[in-house]
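As written, the chain order gives the labels A, B and C, with residue 1 at the start of each chain.
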Amino acid sequence: MSDAADHQPSRTRVPIPVAALSDPHMGDAARHPKRVENIIAVVFVVAMIFFGLAGAAYWQNWNVWTFGGALGGGLFALGFGLTAWGKYLMPQGPFVEERHVLASAPDERDSMSAALVERTAVVVRRRKVLGGLFAAGAGIFGIVAAFPLIRSLGPVPGDELDVNQWKAGSVLVDSNGRPVRRDTLVIGGIMTVYPRSQMRVEDGQVTFTDQGLATDQTVLVRVSNEPFTTVPGRENWTPDGYVAYSKVCTHLGCPVGLYEQDLELLVCPCHQSMFNVRNGAVPQFGPAPRPLPQLPLGYNDQGYLIATASYDQPLGPGFFERTTT
Amino acid sequence: MRAPLKRKLFRQFLLPAGLLTVAAMASLAVFFPGTGAGASGHADASQVSTNAKAVLKACGSVNTKGVSPIPNTGNPFTSTNLICHSGGLISYGNDSITYANPPASYVAAGRQLFAQTCSSCHGNEANGVGPGGQATIGPNLQGVGAATVDFWVSSGRMPATDVKAVEAERKPSRLTPKQALELAAFVNSLDPAVPAVPYPHLQGANQSVGASLFSLNCAACHTITGAGDALAFGTNAPSLQNRAVTPQQVAEAIRIGPANMPRFSGNLSDAQVRDIVSYVTGRLQHPTNPGGFGLGGVGPVAEGFVALLIGVGGLALVCFWIGERS
Amino acid sequence: MTDTAARTKRSTKQAMGPYGQVGKIIDELDDRLGVAKGGRVFLDKIFPDHWSFMLGEIALYSFVVLIATGIFLSLYFVPSASQVLYHGAYAPLRGQRVSEAYQSTVNISFSVRGGLLIRQMHHWAADIFIGSIIVHMARIFFTGAFRKPRELNWTIGILMLVLAVLEGFIGYSLPDDLISGTGLRIGYSIAESQPFIGSYFVSFFWGGQFPGDGSIIPRFFIIHVLIIPLVLLGLITAHLILLVRQKHTQFAGEGRTEHNVVGSPMFPTFMAKTTGFLFMVTGVTALLGAFAQINPIWQFGSYEPSKISYAVQPDWYMGMLDGALRIMPSWEFTGDGHTVPLEVFLPAVLFPMLLINLWLLYPGLERRFTGDYAMHNLLDRPRDRPKRTAAGVVMFTFMFTLFAASSTDVLANFFHVSLNETLWFFRFAIFVIPAIAGLVTYQLCKEMQGVHGIGKRKRAVIVRRSVEGEYSTVPSAPRLDDERVEIDPEPVPDRIDIEPLENGNERQPEPSPTGMRQVTR
């Protein structure tokens, strides 16, 4: 038996204020509840049936529509019935509650401030050196703690943002590992190529290194049958009208895989930057800031298309350490 | 309980449906000799699969422009499997796709049809030259190959309704598939060229390979669900979810690169094209959508609208009901 | 001590006191925790009846759904980027090299019974969660509920919105499908665009240059399932504690003052309504999950950096960021051996930060401008504060225009206009539309203030023509519900009878301490 009960040996129901059924704070429906009660009862029964159906649907592994529809219908019906119960059959009010004052009395505030200020003054002001040493210790801990938290997450970026795996002589291969020949594409054709050095065979399938897929990916477009010059200084970069650009957009790094052969435009599918393949992929429209870097092309003695040099600049979107080119 | 139901289903639905399909295919083969069944008939009659150069030589009258003598992975420019008939190249290809030109008997009807429906824009000889010697609105069609003509006509893009439009839009074709082949036969007869009309054989297709190739080569324009979208300067990539798009048209588009679409030749073998075609016409046009309504396959834009309007909006209405005084 | 054997049922009941088992439990609890005093106050806590006060509950309950469905999903999801050959139930993927994260998500959709429903519910609930937060905050903003003393709760709300958006983006990226992988690639480039720290930031977080050493998926996983939910849970708790401590705001009305709250009591009325609402929110999520397919990743394939789909929009709440990136001109700063991609850094890093700070500081800014440092428990009607309302409309139309700009391609396709023209339209619209909307709102508010009885139902007017041909007008008789009884609020009684008395009569109403009167709407 609890202590409270010991102190109050003769507990009876306390006299309490009553809101009667006829009280204006009860809704109309609550005073004549029959109809609403019936509706709510039906809704609850519907919920039960739905839940039963959901159980059967799970047991029999019926499709998502049946299972989810039954589950959702049942949950909605259950909630609807309960809400309607609260809305129609329970006292609606308006009832009132007074707000208590949040603020403390002025002297209470002052005593708090006084305690803070005065005690600090006594403790700290006379021990400045100790305080400084403690702060220095905590600060050094903070700096040291940042190392395992941040520095250990990954490598410090070296020059890998600047380099790619295309070298002079790299053979262009398609996603199936097939090298590209003079007659692989006709005018208006496009394909994605990678340096053959990044090719791997795993599980009997041709695949590429992450570096090859993410950074070295290049679009090869055949614009004409004759070589042409995209930009002065890039003569002989386009044998037989083949031209190759980095597939990594200079805006946000999406693969620029969208080619419109009549317009001779490469379009980035993410933010619609447009690059003309004839003039060195200078952005013609959209948010991309720089042309797509161009890969100089040639043939090797087997007749395969190769890169005659690496890209002359870092690929992809801009970053702080990127030097101007 | 289950077995009889299955049997009943089979008797009442599957059997008649199967019979109907067979009947429909048979009638197709009779009325449209250009379709798959007809082409394989040719293949049985005179299949020559030896040295490409020799066959091409035997088929003397064919224009071999662009046909590579190097045996490759199989595409319309490098096929080794050529069928020649009475001195002309009838069809070539392999297990994946048969390329066949419409029969020569179609040329006369095609000439008449061309004069009626096409010549005002493309010139009487389909060479882009008008009667006064001036350039016509439409381009020169000579040497484009039968597949190109068949694609533009059978997809309803030609004859064009709005010649000033940036791109001709797909619409229900005014001409029948046979008439499209007749036009193709006529235009091809003026300056024979490849590719001929492709007939993909979808039975052995690998949809998984098709899906992977689709996401590498096609999704950049047509979107990954094939919904299509607007591209640069008023051009657009048409929807591939449209079930009116036939396997033949998909194969044609890949090989000929209509309008702004790139032309896929040596980088996609016939087997790969067949896989893509099978994925497009099998999956994209008939998505299973196990999770409910597909919302048009346009992704988060449609999903956001549903979440905000039906989800938040509907629940706000519920709030309104709860808060309203009875 | 009484003899235990002599205890009868009756004596036990008597020993329990007048309130039986419940009373006994309360006794025991109160001995240890002292719950009765505060508990009674809590039962009497008053919730305003206005419907707009329920909007925050949509957010709260969709968060409950997110936790529940998220626990289910975490049992099956494999947070790993290592590549495997897919041999699952979905035929068009068989034989493809996919990441384990992707494979497990496809397996949840096809091989785990009920998994697809739960996955779709989770995603729909996330969309609804953020949507309802924004709608809830709009209500708070336009009615001035953020004013003193509730600035702290406004701050918590903004923080939760930001965290929820971040949580949504990270969760969206976890399946490692083609669409979300592209989103992640964009996220990488955005983070990389920060001056000084950008390349270090991405290299640390991704474990190297994109796509990194495969640690991004497990890291995102732990952030998504533990860290952010934990912080959100803490903030929600703080949000609700503050709400209880400071009590609700309310609209002005009969008997409503700065010093009271009028509405329905916590127990039983509000308890029933809100529990029912929890079920209904769950139900709507389940129905959406059952009938509307969301994020069908099996169609997209596993992410591979050189694959891409057109029309890759992020989920709708990231749309504003995407729209800002699209319409930004290509201003890259180069010089001094360094590059600052302003075309990325400004719209995607600096702009959202400024915006969030503006939202956080708004209560303080408004106080500064209006000089109103007073406590406010009564809400404003938006029309009574034209400047604030106009500012809110400017912000919302601005955000909405950015959102629309993220779907330039979809709009261009739908309306058959050029993509380029659509983009140029938005470059101007982003300034013009909010300006026009703000001015119109301001003027509308001013006009509404000047019109008497606006928003009230119009009384019909009967036009009569006399036999002489003279026209005259008289107001029609009031309709039935034009007039209603407005009851004065009274404190919550302990007992609320909902049963008729045993003798069949209704209990006689006790005279209301404050009385009631007839009012006209």
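Methods note: a contact is a pair of C-beta atoms (placed from the backbone, for glycine too) under 8 Å apart; a residue touches a chain by one contact, two chains touch by 3 or more.
No experiment lies behind these values; they were computed from the predicted model shown.
Undergrad: Give me the ID of the chain with the smallest distance between its Cα centroid and the all-protein Cα centroid.
TA: Of all chains shown, the one whose C-alpha centroid lies nearest the global centroid is A.
Undergrad: Across the interfaces A-B and B-C, which one involves more C-beta pairs in contact?
TA: B-C
Undergrad: Using the average of all C-alpha atoms in each chain as its centre, how far is it in Å between chain A and chain C?
TA: 19
Undergrad: Please work out the Cα centroid separation of chain A and chain B, and write it as a whole number of Å.
TA: Here chain A and chain B have centroids separated by 37 Å.
Undergrad: Need the CA-centroid distance for the pair chain B / chain C, whole Å please.
TA: Going by mean C-alpha positions, chain B sits 47 Å from chain C.
Undergrad: Enumerate the residues of chain A that touch no fewer than two other chains.
TA: Residues 64-65, 68, 83, 87, 92, 175, 192, 255, 257-258, 269, 272, 285 of chain A touch two or more partner chains.
Undergrad: Using the touch definition from the top, which residues of chain B touch two or more other chains?
TA: Answer for chain B, listing residues that touch two or more other chains: 216, 220-221, 231-233, 290-292, 321-322, 325.
Undergrad: At least two other chains touched by the same residue of chain C: list those residues.
TA: Residues 49, 116, 120, 273, 277, 280-281, 284-285, 288-291, 304, 306-312, 409, 419-420 of chain C touch two or more partner chains.
Undergrad: Sort out for me which residues of chain B touch chain A in the complex.
TA: Those residues of chain B that touch chain A are 66, 68, 70, 73, 77-78, 213, 216-217, 220-221, 231-233, 235, 257, 259-267, 290-292, 321-322, 325-326.
Undergrad: Going by the contact rule at the top, pick out the chain A residues touching chain B in the complex.
TA: Residues 27-29, 63-65, 68, 83, 87-88, 92, 174-175, 178, 180-181, 183-192, 221, 255, 257-263, 265, 267, 269, 272, 274, 285 of chain A touch chain B in their complex.
Undergrad: So in the complex, which bits of chain B are touching chain C?
TA: Result: residues 166, 206-212, 215-216, 219-225, 227-234, 236-237, 279, 283, 287, 289-295, 297-301, 303-308, 310-312, 314-316, 318-325 of chain B touch chain C.
Undergrad: Using the touch rule from the top, collect the residues of chain A that touch chain C in their complex.
TA: Chain A residues touching chain C: 1-5, 11-13, 16-26, 30-31, 33, 58, 61, 64-65, 67-69, 71-87, 89-99, 102, 150-151, 153-157, 160-161, 175, 192, 194, 202-203, 205, 207, 210-211, 213-215, 217, 247, 251-255, 257-258, 269-273, 283, 285-290, 316-324.
Undergrad: Where on chain C is chain B touching in the complex?
TA: That would be residues 49-55, 57-58, 91-96, 109-110, 116, 120, 124, 127-128, 131-132, 135, 178-179, 273, 277, 280-281, 284-285, 288-296, 299-301, 304, 306-317, 319, 407, 409-410, 412-413, 417-420, 422 of chain C.
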